[in-house]
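Consider the two complexes below, in which chain A is the common component and chain B and chain C are the respective partners.
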Partner chain A sequence: MPNFHRKLERSAIGFVVAIIVVSSIGGFVEIAPLFTIDETVEKAPDMRVYTPLELAGRNIYVREGCYACHSQMIRTLRDEVERYGPYSLAVESQYDHPMLWGSKRTGPDLARIGGKYSDAWQVAHLRNPRDVVPVSVMPAYRWLEDNTLRTEDLGLHLKAMSRVGVPYTQAMIDNATNDAYGQANPDSNFAAGVVERYGEATNIRAFDGEPGRVTEMDALVAYLQILGKLTNAATAANVAIKE
Partner chain B sequence: MIAGLTKGERQLSLAVLTVLALCGLAFAAIGHDDPIGTHGFIILLVAIGLACVVIAGYYAPEPDKEQLSRYYDDPTRAGIVLAMAWAVFGLFFGVWVAALLAWPELTFDAAWSSFGRIRPVHTTGVIFGFGGNALIATSLHVLQRTTRARLPDQFSPWFVLIGYNLFCVLAVSGYFMGLTQSKEYAEAEWYADIWLVIVWVVYFLIYIRTLQRRKEPHIYVANWYYMAFILVVAILHIVNNLAVPVSFGHAKSYSLFSGVQDAMTQWWYGHNAVAFFLTAGFLGMMYYYLPKRAGRPIFSYRLSIISFWGIVFMYMWAGSHHLHYTALPQWVQTLGMTFSVILLVPSWASAGNALATLNGAWGKVRDDATLRFMMVAAVFYGLSTFEGSFMAIRAVNSLSHYTDWTIGHVHAGALGWVAMISFGSIYALVPWMWKRERMYSSKLIEVHFWLALAGTVVYVFSMWNSGIIQGLMWRTYNESGTLAYSFVDSLVAMHPYYIARTFGGLLFLLGALVGCYNIWMTIRQAGGRVVLQGPDVDEPALAPIALQAGE
Partner chain C sequence: MELGKRDPVTGRTTTGHEWNGIEELDTPVPRVVLFFLAVATLFSVIYWVLMPAWPLGWTYTKGLLGFSDRAVVAQAVHDAATERGVWTDRIANSDFAQIEADPALMRSVKETGRTLFADNCAVCHGTEGSGGPGFPNLSAKAWLWGGSPDQIAETIRVGINAENPDTRSSQMLAFGRDGILTRPQVNDVVAYVRSLSGLEPGAGSTPERIEAGREVFAANCVACHGDAGKGNHEVGAPDLTDANWLYGSDVQSVFNTVHGGRQGHMPHWQNRLTPVDVKILALYVQSLGGKTP
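The block that comes next holds the complex of A and B.
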């Protein structure tokens, strides 16, 4: 070996090629099959996409770096399933560009937080976490209520998402801005369109407690309330295993 | 700076800066209602500022033949200064972000200072700002000395250094504004990522062009590592950052991959950023500066070969150990675990090779804090690679994952290994680069050493404690078979450790400040340039190198 290597280290190009080849093998073997084999991503016919308001909320979740302290991946361990709910399936994040599985739990896992608390609790908690959880170390996000949500470009966001493979229809893309308004204003004319395009189960409420202006608080709470609710595949799978 | 460039290179600089300014202007115009517009203005200002510098020095005399036959060290000097500045910046934000977990009101009610925004400021500041600049500065130095060839031209090293720092500035200023891809250690948005690819290609070309002109038949082991660092980081960076921007006027983009494929790609990137940025690059540093400072040849050439190819091959399989018990298929988890455990062999081969090199020079380790920095770095490298292999075992990971133990492990590597080998190398390099006999104060190097070591130990021990307590509390059941602790119970238990880790980080920051002062005073030292003699001589150009890997 040393003799072969002595030859190799006399050639810069040879060395470069050797590094590229040797280092590429691992990633190729582990990543490439994930795109083809069936067991990586289950089928979930009931899976729906994020509404424009939820997607905007997700983008705020990303912007504020919530993923740095909250995971969205319940592992297949007894204590996690008992604490957070059914373990996470691959299909549940199939429309997550990027995924937000996280790597650290300074705060609790949020994969199934949707519906666990009321909108009012979420708003109070985001306004100042220590008002509702006195020992919390989470930052206060008071300004979310003051910031008007930027909605006029949501169609472009949906279009970009459809380019990377999320099945948004042309109607969804065209109506994105109105749908964002409608979802946060149940009494408006735009609310019906949201149900029509995203299904009966969609939450249509004034998430921040105040109809009218759509705020970043509306968007973030709408997103938090849908976490774990896009499909019930996980509940079904967990039940199947217990039986 | 400009005086070192030839006429043609000065014109090339102006041309490149014009293109850069136009790009900045375009972003500022198209993205006027988006944060990308702010970045456009930053790019524009940087380009104009640099153009002023070039124009001011445009008519300075060109470098003569004699100057062009010597090693070209101006970029290395600038890189050292930048590295130390980023160290202070990044460590300061590290202390702040740590303090936020003990005293959450320290955000002062601003959006830019909340934990989620300044955490990537800290990680990017220390990894890419400090670590990256230290790697670029030392690699350009080591490359010339071990090939006995001058850098191929004067323009491209400046392009790499300044371009790279522009990337860091775009990344960090973006996080303050809330621009992030949310991919850990790859948070910068699409346009900054594209810029980094351009910079990186030029960096690679510098390396390969210099190697092609080398006057040594063999490529020295330090350069193997630097090359692996440059090449593999490029592969990782490009694949993990594939994304579709919302529009050219939007900073926001959506990653090409989703869900489980995205998770695997991200941690294939994330773990190998550790491997090829924070390990391979700094091993390159170690393989040059440690033997040089100790005055001993590398202990074993065979061990260098085994550990190098072991690291290049095996690390790329290990990323999936970040995803144990998740929705990732189990065979991928098992492969990742297996390779992570085997990785201990090449890792300890490197650590052992470094420590065995010091045999016969332990007296120097005792007396010379610079060499002691490098020795302790090798020890921490051995410790944290052992810990890493251990934590990759699925059963251990079920406890350690999601807890502060991971943070402790990362900092054992980042503070103990990466920062210590960098400080050691910089202390060795500064007197050579500024033609001084020695550093301004060896006592201050001692002070820095002990502050850094104490800070690291306090930090790592507090995170081990908090992480293991956290992991145990989450899985403890009471007699009736229900979970014994709420999440908030575990949070309360962390409080004293969060204070301790902030204190540890503060010690480390103080050490870096002492180092900055010492380096600054060395540069400014009265008496000016002295003629160097003895084993520490780094000049003149084209002298035979003292150390070849040999058995």
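The block that comes next holds the complex of A and C.
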């Protein structure tokens, strides 16, 4: 053994390779099994996909860097569970590409923000957070309600998501642009198609308070209002308790 | 290179390396390091046996202790609830009058209520419950759906125009936009409504206009707001004769309300808060802004 080490130590390439092999063992043992162990991602048969409007809102969330201050993961800690609700499950972000768990909270966690506040509040808060929360340090996002949402390429976004495993059907991809309009315009002819393709539980409202033009505000609020509501797996999760 | 050569000063062997006449002693690793290595190895072997550790293809070794983060947090939440049970059980099993009659219990209600309110309600209604445009002031005692603890608890539970099947629902029609009233009629009724609470009359608010507005009001508004404009808790219609204005009291704001209608939305909390939490919040909300006169 001392002789083997003596030899290895004197071969630069061999020693580098040996270091890489040894230091990758930890990573291999810790990370690789997550792809094979069947408990890693829970089962959630009721899980639904993001609608085109929600996906567009998610893209805006990424664009504006919301994840830099807001996490979307409730950890398995008592104080977090009591404040935010059931801890996050892996399955809840199975259609998130990329995931937006975040690593820092300047603002609160948003994993279960969907339905917690009204659309009107979300709009007022994004327009100027200090109008509703005087001590807020969040920037204002006024342009969201001025910017018309770009919807014509949403089908391509859905297609890209389906390439990485999100179960979008061809009908969903083909109708993406119309569905985005329909979801923000409950009285339009396109609203029925959204229900048909994405289910009864889909929020169909004029999210920014004004039907007609679909704005980036519509998209972002639609996304925020669905956070934590794609599946009920988290509330259904049951762990044995000792009295 | 000379292996096994001894250093004459220390008597130790050298590594055989030599740089410009300087040689390296082959000093063994100190015992204490080996000791800690042994301890750490032993610890990890024990840990592997007791805790979830090794991946085995589709599963993993569960460990003898059966440890799970999820079980720990569920237990911690449960234990904390049990600990609070000393007084929360009394809240769950008493009616509001009994709770209010117990000063010690009310102290706990106020303390916990403040935290619950801050986490859930304050972003809309303000930390002191003073509200804002479109978000009712809870400290003013100008209740839309009634201010008894039972009524407040019900509002919290089911929400207003919310997704709950039992939700309270109300809508003020868009009298102007939907053509129910003509524009002069809207202006008349705005002048009349503003006169009800003695506001400074706006431009063009003549006595004739107010008189005309009274007739429009009697024909269109009394069903919800009542003959005297005192509102109705059954349908969430606000009192128009007091000093509280949810959407603003200036002529333009009142015009916007009559012209475009209003339909506020408060989410329901049945799925987020426990029944005890709702009771605590109802009492806390009722206590905002002091005791009911």
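Throughout what follows, the second predicted complex is superposed on the first by the 221 of 243 C-alpha atoms of A that agree within 3 Å, B and C clash if a C-alpha of one lies under 4 Å from a C-alpha of the other, contacts with A are read in each partner's own complex, and residues count from 1 in each chain.
FYI, contacts are C-beta pairs under 8 Å (C-beta built on N, C-alpha and C of every residue); 3 or more make two chains touch, one makes a residue touch a chain.
Nothing here was measured: the structure is a model prediction, and the numbers come from that model.
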| item | value |
| --- | --- |
| Clash or fit, chain B versus chain C on superposed chain A | fit |
| First, second, both or neither for A:R63, with chain B first and chain C second | first |
| Partner chain in contact with A:S118 - chain B first, chain C second, else both or neither | second |
| Which of chain B and chain C A:G27 touches, first, second, both or neither | first |
| Which of chain B and chain C A:R83 touches, first, second, both or neither | both |
| Spatial angle chain C-chain A-chain B, Cα centroids [nearest 10 degrees] | 110 |
| Touched partner set for A:T177, first chain B, second chain C, both or neither | neither |
| Partner chain in contact with A:R10 - chain B first, chain C second, else both or neither | first |
| Dominant contact partner of chain A by residue count, chain C or chain B | B |
| Chain B versus chain C as contact partner of A:S188, first or second or both or neither | neither |
| Partner chain(s) touched by A:D131 [first = chain B, second = chain C, both, neither] | second |
| Superposition-derived minimum Cα distance between chain C and chain B (Å) | 5 |
| Overlap of the chain B and chain C footprints on chain A, listed as residue numbers | 29, 37, 39, 76-77, 82-83, 87, 133 |
| Chain A-facing residues of chain B, complex | 100-102, 104, 107, 109, 111, 114-117, 119-120, 175, 178-184, 208, 211-212, 214, 217-219, 224, 227-228, 231-232, 235, 239, 243-247, 250, 252-266, 268, 301-302, 305, 309, 312-320, 322-329, 332, 335-336, 339, 398, 401-403, 406-407, 474-475, 477, 482-483, 487-488, 491-492, 498 |
| Complex contact set, residues of chain C against chain A | 55, 57-60, 68-78, 80, 82, 119-120, 122-124, 132, 134-135, 163, 264-267, 271-272 |
| Footprint of chain B on chain A - complex, ascending | 1-2, 5-6, 9-10, 12-13, 15-16, 19-20, 22-27, 29-31, 34-35, 37, 39-41, 59, 62-69, 71, 73, 75-77, 79-80, 82-83, 87-108, 129-130, 133, 135-143, 153, 156-157, 160-161, 163-166 |
| Partner chain C, residues of chain A touching it in the complex | 29, 32-33, 36-39, 76-78, 81-83, 85, 87, 115-121, 124-125, 131-133, 235, 237, 239-243 |
